[in-house]
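Dropping the structures in below, format is structure tokens.
Note that subunit A is present in both complexes that follow, paired respectively with subunit B and with subunit C.
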Partner chain A sequence: MLIVHIAVTMLLGAGIFFTLVGSIGLLRFPDFYTRLHATGKCDTLGGGLIILGALIYHFFAYPETPLVPAKLAFLIFFIFIANPTATHALMKAAFKTGLKPWRLGEERR
Partner chain B sequence: MITIFWVTLLLIAVTIGLSLYRAVAGPGVFNRMAAVNIIGTKTIAFLVVMGYYFERPYFFDIALLYAMVNFIGTLIFAKYLERGELC
Partner chain C sequence: MKLKEKRFGILLTFCIMAVFWILLSGIFHAFCLISGLICCAIVSLISHDLLVKGESEKKLLKSLRLLLYIPWELWQIVLANIDVAYRVLHPRMPIDPLIIEFETTLRKDFSLATLANSITLTPGTITILVEPERGKFWVHAIAKESADALLVDQTMQRKVAHVFMETQEETETQEAFE
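Now for the complex of A and B:
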């Protein structure tokens, strides 16, 4: 049981690290496209790692309910498809409405 | 193990607060919409960990439902901003 706890702690810590890096990128980058570049990937991987840690903990701690890890696996699958699609749709909408990308030397916006 | 879940909840709440600054102060509607999408994704992970902290297994169904609602909401909002109409 100790090895499972260590593995779950490492997965949750890695997920929190990626989520925190994505949030700092959302705060600090100068432009809409670079902000989506930071958060679209970091947040997908971070949320997936956190839910994967919860799945492994449930699989070994409560083996009498095998339906919940199946639900969590479907949730990881759905996030890994849906989140990049939503990011792509937002970025395409912003590009078609004429939002120019940021060049070096311009002011932050 | 309950302490690790509590620390995870606290740190996800901190990242949601950091993203909420961009949702409030970001210039333009696209920055705000991106921040709302990111907050929705973090809320899914928050709900899953919260199910273990309070030992209620119903939170996973709420997380599944929230994932679908967040995805459809962002997609419809992007379509509306791109075309100016919904159909």
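Now for the complex of A and C:
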């Protein structure tokens, strides 16, 4: 059980780290497109790792309800499909409205 | 052949839906199970063509290759996150965004969607636009190195084309048939 606790803590820690980095990137990056780089990637892996940690913990702590980990696994699967698609949709919307991407040396927006 | 493919589509849709029903309900009473299976049968008879398109061949081989592609993709996602974390936390923010265009040999919806999602999840690149007729992609890259991975190495395009069997020669022969 100790190994499980260590693994779960590491997964949750990594997930929180990536989500935090995504939020910092959202604040630091200069324009819309680069901000989507930060959130689109970090939220996918961060959220996925947090759910994976919860999945492993539930699997070993409550073995009498094996369906909950299965549902969590479905959640990870759908997040990994839906998140890049949503990022791409936002990108496309911004590109079609004619938002110019930030180039090196310009002022931040 | 046509009928066989249709049957395969109905069966596959039914199996997927039944698995979903059982997993998500978690109730194993006879009434619940049987009513669920009847619903699955009706839905898969009516709308199996939404999930399984009857056009392409060698579905099993393609799904197998897709399964092999997923671990590589997951590793790329981890690399992408470390890359973004490095760029965010670096005091001087080493970014130099640019938009690149390139053409691929892919034509089918599913393979284009897979490549677009893969590009979005891998280091430093996000898909902006896809033009299905020519397999053309517009991609926003956060720095020069990540753009080069798509323009020069083209590992990802080759991998996806390999998975869906739409490499250069195969696409050309398909067009020759049409």
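Just so it is clear, the second predicted complex is superposed on the first by the 109 of 109 C-alpha atoms of A that agree within 3 Å, B and C clash if a C-alpha of one lies under 4 Å from a C-alpha of the other, contacts with A are read in each partner's own complex, and residues count from 1 in each chain.
Here, a residue touches a chain if its C-beta (ideal position, glycine included) is under 8 Å from a C-beta of that chain, and two chains touch if they have at least 3 such contacts.
Computed from a predicted model, the values in this text were never measured in an experiment.
Looking at the shared chain after the overlay, A:Pro84 reaches subunit C, while subunit B stays out of its contact range. Contacts of A:Phe18 after superposition: subunit C is touched, whereas subunit B is not reached.
When the two structures are aligned on the shared chain, A:Tyr57 is found in touch with subunit B, with no touch to subunit C. Once the two complexes are laid over each other on the shared chain, residue contacts for A:Thr44 go to subunit B and to subunit C alike. Judged by the touch definition given at the top, the superposed model places A:Ala7 against neither subunit B nor subunit C. By the touch criterion defined above, A:Leu75 reaches subunit B but does not reach subunit C. Of the two partner chains, subunit B is the only one touched by A:Leu99; subunit C is not. By the touch criterion stated above, A:Phe32 is placed in contact with subunit B alone, subunit C being left untouched. Taken together, the two structures place residues 22, 24, 36, 44, 46, 71, 74, 85, 87, 92 of subunit A in contact with subunit B in one case and with subunit C in the other. Interface of subunit B with subunit A (complex): residues 1, 4-5, 8, 11-12, 14-15, 18-19, 21-22, 27-28, 30-31, 33-35, 37-38, 41-42, 44-45, 48-49, 51-52, 57, 60-61, 63-64, 67-68, 70-71, 74-75, 78-79, 81-82. Per the touch definition, subunit A reaches subunit C in the complex via residues 17-18, 21-22, 24-25, 28-31, 33-34, 36-38, 40-42, 44-46, 67, 70-71, 74, 80-81, 84-85, 87-88, 91-92, 95, 101-104. Those residues of subunit A whose C-beta lies close enough to touch subunit B in the complex are 5, 8-9, 12, 15-16, 19-20, 22-24, 26-27, 32, 35-36, 39, 43-44, 46-47, 50-51, 54, 57-58, 65, 68, 71-72, 74-75, 78-79, 82-83, 85-87, 89-90, 92-94, 96-97, 99, 109. Interface of subunit C with subunit A (complex): residues 23-24, 26, 77-78, 80-81, 84-85, 87-89, 93, 95-99, 116-117, 120-121, 124, 126-129, 138, 140, 142.
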